[in-house]
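Next, two complexes with chain A in common: one pairs it with chain B, the other with chain C.
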Partner chain A sequence: MFERIARDRVATLFLVTVAVLLLVGLAAPGFLSAGTATIIWSNGLVLMLVALGIFPVILTRNIDVSGGSILGLSAVVLGLALNDGFALPLALGFALGAGICAGVVNGLLVAGLGVPSIVATLGTLGLFRGVMLIATGGEWIEELPEALKSLGAKSYGGLSIMGIITALVIVAVWWFLRSRRGRWVMVTGDNREAAHHLGLPVRRIELLAFAWAGAMYALAGITFAAQIGFVPNQAGSGIELRAIAALVLGGISLLGGVGSVGGVVIGVIFFTSIDTSLVFLKIPAYWNDLIGGAMLLGVLLIDGRLRIALEARDRAARYRRGSNTEQKSQPLEDAA
Partner chain B sequence: MEPVLAELDSVSKSYAGVPVLKRVNFSVRAGEIHALLGGNGAGKSTLMKILAGLVQASGGEVRIANAPLEPATPAQALAMGLYLVPQEAHIFPNQSVLENICIGLPKPSAAYRARVEELIAQIGVPLSPDTKAATLEIADRQIVEILRGLIREAKVLILDEPTSALTPHEVQTLFARMQALRAAGHGLVFISHKLHELRAVCDRITVLRDGNVVLSAGMDQSTDADILTAMSPGVTELEARGAGKQISRGVVLSLDALSGEGFVDISFEVRRGEVLGLTGVVGAGRTELAETLVGLRPRGSGDVILEGQAFLANSPSDAVRQGIVHLSEDRQQYGLFLAAPLFWNASSFVHDRLPFFLRPNAERKRFAQYRDMLGIKCASPDQPAGSLSGGNQQKVLLAKCLAAEPKLLILDEPTRGVDVGARNDIYRIIEELAAQGTSVLLISSDFDEVVRLSDRITVMAGGHVAGELPAGATPDEISQLAFEAQEAEHV
Partner chain C sequence: MKRYVMRWEVLLLAILVAELLIFGMINPRFLRPSSLLFGTSDFVQVGIVAVPLTLVIIAGGIDVSFASTVGLAAIAFGIANFFGQPLPLSLLVGFATGALAGVLNATIIRLTRLQPLVVTLGSLYMFSGAATVLSGVVGANGYEGIGGFPAGFTALGYAQVMGLPMPLFVFLCFAAVLLVLLHLTRFGRLVFQIGLNENAARHSGMPVFRVQLMTYVLTGLAAALAGIMLSAYFGSARVDLGSATLLPAITAAVLGGASIYGGKGSVLGTVIATFIIGYLQQGLQMSGVPSQISSALSGALLVLVVALRHGAALLREFLPERSAQAD
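Moving on to the complex of A and B:
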């Protein structure tokens, strides 16, 4: 039992999260409640959507650090459209379109022109933020209509509309990765040359991963604007690094080809839980980064050590089995 | 005459103005196995990659089933019924064997499980479809790649040196599968450096040299001498080594009841200036033994004595310092720094003997010595190692090993995937090294090679020493020893 959990990063992290929450519950009575759960979910929505966006990009062994800028750009497109009198559904469409266009630009740079993804998205990180600032003239966008804010308000059993949409996205990604095409995304990151050799459209897969990421950043931008009711200049700034940290924590390999939706969800929830707990424990918010970073390193180090130990044991067991036929009756004694 | 399934019509290819293929014609008919032969750099691999859509031709036309290959991509070639099993296996390490084989097929992998299991059983390899591919040995990866080709039932199947990592038994079953495909009207292209293998199954032969077709005939109509002359004029036959010399010099390395991962209770000695052949079938524990000696794997019980002193290496570089240099069979992982200049590669094993401020010209000079000694064909010592052909890369690896001035050189499959010309050079180098007093532990699955080079032969099977044979033993004797012990193990 212990071993199965130790082998599974998602299970390990789930238990650590539960342990942290229980400890906080002991220290701050009233913390453990359904209300706290909905707060954590709602506080984590933006990070969750950004992480879900980067997830397929990292699976294909690329990286996208322009997420925060695309989030900001989409939120600004949304705000400007609404303040210009466009209807909400139309404005949402514009925001989503802006996100997808930005994602396609990233995708064309990487899959089309062959620019390394870190270089391409570092460039567009500045580019999209610049476009956003020019569009607003450096001003904040305020007085967003109530109709938008209601998307972020908790209305259905403690869940907002954006919260429900995010849950549906998670299910959709889970389902997609189980499909034949979903497997294509995984193997493209595992060994791109092999995927090409076997006739998979690797460039199209990469392009679509970036386009998907853009769409998710746009959803995150919409959620962001709906939750706080205005769009500041630095909207989304730096969130891509937090999302990547959450993915790494959830067992998604930066080398591509490895990771699960469960890992994404638990990684994000872990980070959000810590932030929320600190509020309950009345620790000043400026401690968040330090504590979050320390927990990230702690979990990764322990997990890494555990994995090395288990692998060494597996290998030893394999060779014991393979090379020593006369000792075949031994395992019984070992078990006893 | 059977219909032509795939055809290259006066295809040319040049890289940066250097022609690799010069108006080559090549065709595969239904129901034939077509042998393709040529030295390293002759253009075989490029030719087949053009046929498979992996490389674009600079001129000429590629036709599959009488239709031009348009666009020239692997996806299109697959759709038109052509699959290339490449020389180096392309593996998805994080996926199962089943996924590795079935990815890209029209149905989900589970639909092909029964067929994959059937093929695995037919070939007779102990391979589970659910194993994670990262844990597979090189030979098993090659088998996965071959299974990819077989399950696709491509109308045209190209096999680029598929037998280099297989045991004789597996080679026979692969041949049986190939013959079954031929009988069913498929066309196959078989690339190999081993003439007797080509003779066993092929109907037609095409020999390439320097990008030209120099021989194209029925297999029966060409003698071995014809083929070898066509390939590399001047080399008529692999020269045999003088009969095993009596060696009475001191012991360099002795193993006493050494155990570790994959082998138990191994004892043998290597004398000064001796080539000890360590052979057996894949999975016998030879590679594991070598990797344990140089500290890549944890060591179990037993003693290792190097020149009278207890030897224990924590890492390959530790082993180098103490005088044992290991050339791994896994050239992709432990091979060259492909983007680095040749002379860097040559001194990469001895980096701790270089001065703090490097003297590149001294290193270049040193490399030039090895270049002349080993016959490495290159334009300059500053050329990136990745720009050389496979045989030349292997020689650079040898240069890197020799630069460490080893007392004992462990060579694991030194000629796998190397053409006849370069193979001859490597044999000559091994003999010269031994004559100069370096001891060589030669690990090889190629029994002919072991017989040719070794002063003594130790045969391993199932992790044990199955027996020792003197020089002059025949490949059949080795084979008997290796397989009998294995059979006994399985019962």
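Moving on to the complex of A and C:
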């Protein structure tokens, strides 16, 4: 039992999250309620969408740090379109389109030109933020219509429309990764050369992963604008690093090919729960980063040491029954 | 001869000269020696952290936590000063904080064998959080920071050495030391070897961890240096002193020729790239371009230059008889 949990990052993190929430519940009565759950869900919505966007990119062994800027860019496109009198569905379409275009730019740089993804997206992080600021002239976009704000307001069973959409996206990603084409994404990240030799369209997969990320950042931008009702200049800046931290915490390897949707969800919820708990415990907000960072490093340290210990034990066990496995693997080799 | 002309640094230098000439044509005041010299005080902190960061990247690692270390070391220095410690002791506290941050990063990376990006991302949050909490201890709020430095210290931020402004002088000296360290010593060769193939380096008995530790500690020390220098320049130590150096510093290292996969890069390239990035921002501002556009352009510059480099590498694969020795 213990070993299974130690091997499974998602389970470890789930238990840690539950333990933290229970402890906070002991310290602050009234914390453990359905109300708090919906608060955590809606507080974590933007981070969740950004993380769901970066997730496939990281699975293909790339990284995307331009998320915050694309989020801001699409939120600005949405706000400008709405304030120019476009209908809401049309404006939402523009925002999504802007996000996808930005994602495709990243994808072309990485998959087309072969620029290392961290370098390419660092560049576009500045580029898209600049484009956004040029579009707004440095002004904040305010007075967004009520119709947009209602997307972020609680309506159905404590969930907002964006909250429900996010839940659907999570299910869709889970379903996609189980499908044949979903496994292509994993293979590309696990061994790009092998995937290429197997005939997979490696470059197209990478391009699509970045385009998907752009679409998700746009959804996050829409959610952001709907939840707070205006678009500041620094909208979304720094969220990409938080999202990557949440993904890593959820067991998604930056080396590609390893990770699950469950990990994404629990990683984001863990981060958001800590922030929300601190509010309940009346700890000043300036402790957030210290506690969040220390817990991230702590989990990584414990998990890393556990994994190394388990690997060493596995190897020792394999050596002990070495002759056995050799015989077993023989027929497999013949078959191949 | 070709070996010296066909270098990335030469191309960077050409870009820098072209950039200065273009801005000079738009606004002749830009080329006045005094504005060229004293304008550097606004961006040399980027170079100070970018140069040791280059070493980290060459050795196959990456460090993003320096952006918080700048603020943390500055706050530690400010607090020591606040409690009436003499200036040398306060400086020591600041630098020790920076060095410790580097030791912590390298140790956790070694213990967990995780990618350095992941670990330093965590410490990026932790250090900035620690700095915020610490500055709360002495009752300073985030925007004013910790002030009250001796007048002799704040004057250092504006002092001149041999006609150069103090920050630029410090940067050039620091870069010169690291240039020698990376390109002319045994340690430097170890850095390159470890970046090229860490396992091979380990199996041939090289002190891999010690060398990597050194690169992270150097980055921490440089961050402390930048933090203390900025405190002198602004007259107060703030948590967010370094947050604006994160992307420009990585950009400078990469633009300067450091390969994110390790094993490649040079101090000189990073230094020139720092000036390209810094003068680009300043030149655009002096030409009346709003600062929003200048940030877009410097992002575009990075994308363009790196895309060109990779585009050229792709081309080279198609052309026979051209080995990759050019860089």
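Note that in this section the second predicted complex is superposed on the first by the 321 of 336 C-alpha atoms of A that agree within 3 Å, B and C clash if a C-alpha of one lies under 4 Å from a C-alpha of the other, contacts with A are read in each partner's own complex, and residues count from 1 in each chain.
In this section, contacts are C-beta pairs under 8 Å (C-beta built on N, C-alpha and C of every residue); 3 or more make two chains touch, one makes a residue touch a chain.
This one's a predicted model, so the numbers in the text were calculated from it and none came from an experiment.
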item: Touched chain A residues, chain B compared with chain C; value: C
item: First, second, both or neither for A:I134, with chain B first and chain C second; value: second
item: Which of chain B and chain C A:L113 touches, first, second, both or neither; value: second
item: First (chain B), second (chain C), both or neither touched by A:C101; value: neither
item: Which of chain B and chain C A:L241 touches, first, second, both or neither; value: second
item: Partner chain(s) touched by A:L297 [first = chain B, second = chain C, both, neither]; value: second
item: First (chain B), second (chain C), both or neither touched by A:L254; value: second
item: Which superposed partner A:R183 touches (first chain B, second chain C, both, neither); value: first
item: Touching partner for A:N191 - first (chain B), second (chain C), both, neither; value: first
item: Chain B versus chain C as contact partner of A:T124, first or second or both or neither; value: second
item: Parts of chain B lying in touch with chain A, wherever the complex brings them together; value: 54, 73-75, 77-79, 84, 86, 90-95, 99, 103-104, 107-109, 148, 260-264, 283, 285, 288, 298, 462-463, 489
item: Parts of chain A lying in touch with chain B, wherever the complex brings them together; value: 180, 183-184, 186-187, 190-191, 193-201, 253, 257-258, 312, 315-316, 319, 322-325
item: Parts of chain C lying in touch with chain A, wherever the complex brings them together; value: 62, 64, 108, 111-115, 117-119, 121-130, 132-133, 136, 142, 247, 250-251, 254, 260-261, 290, 292-303, 306-307, 310-311, 313-314
item: Residues of chain A defined as touching chain C within the complex; value: 63, 109, 113-116, 118-120, 122-131, 133-134, 137-138, 241, 244-245, 248, 254-255, 284, 286-294, 296-297, 300-301, 303-305, 308
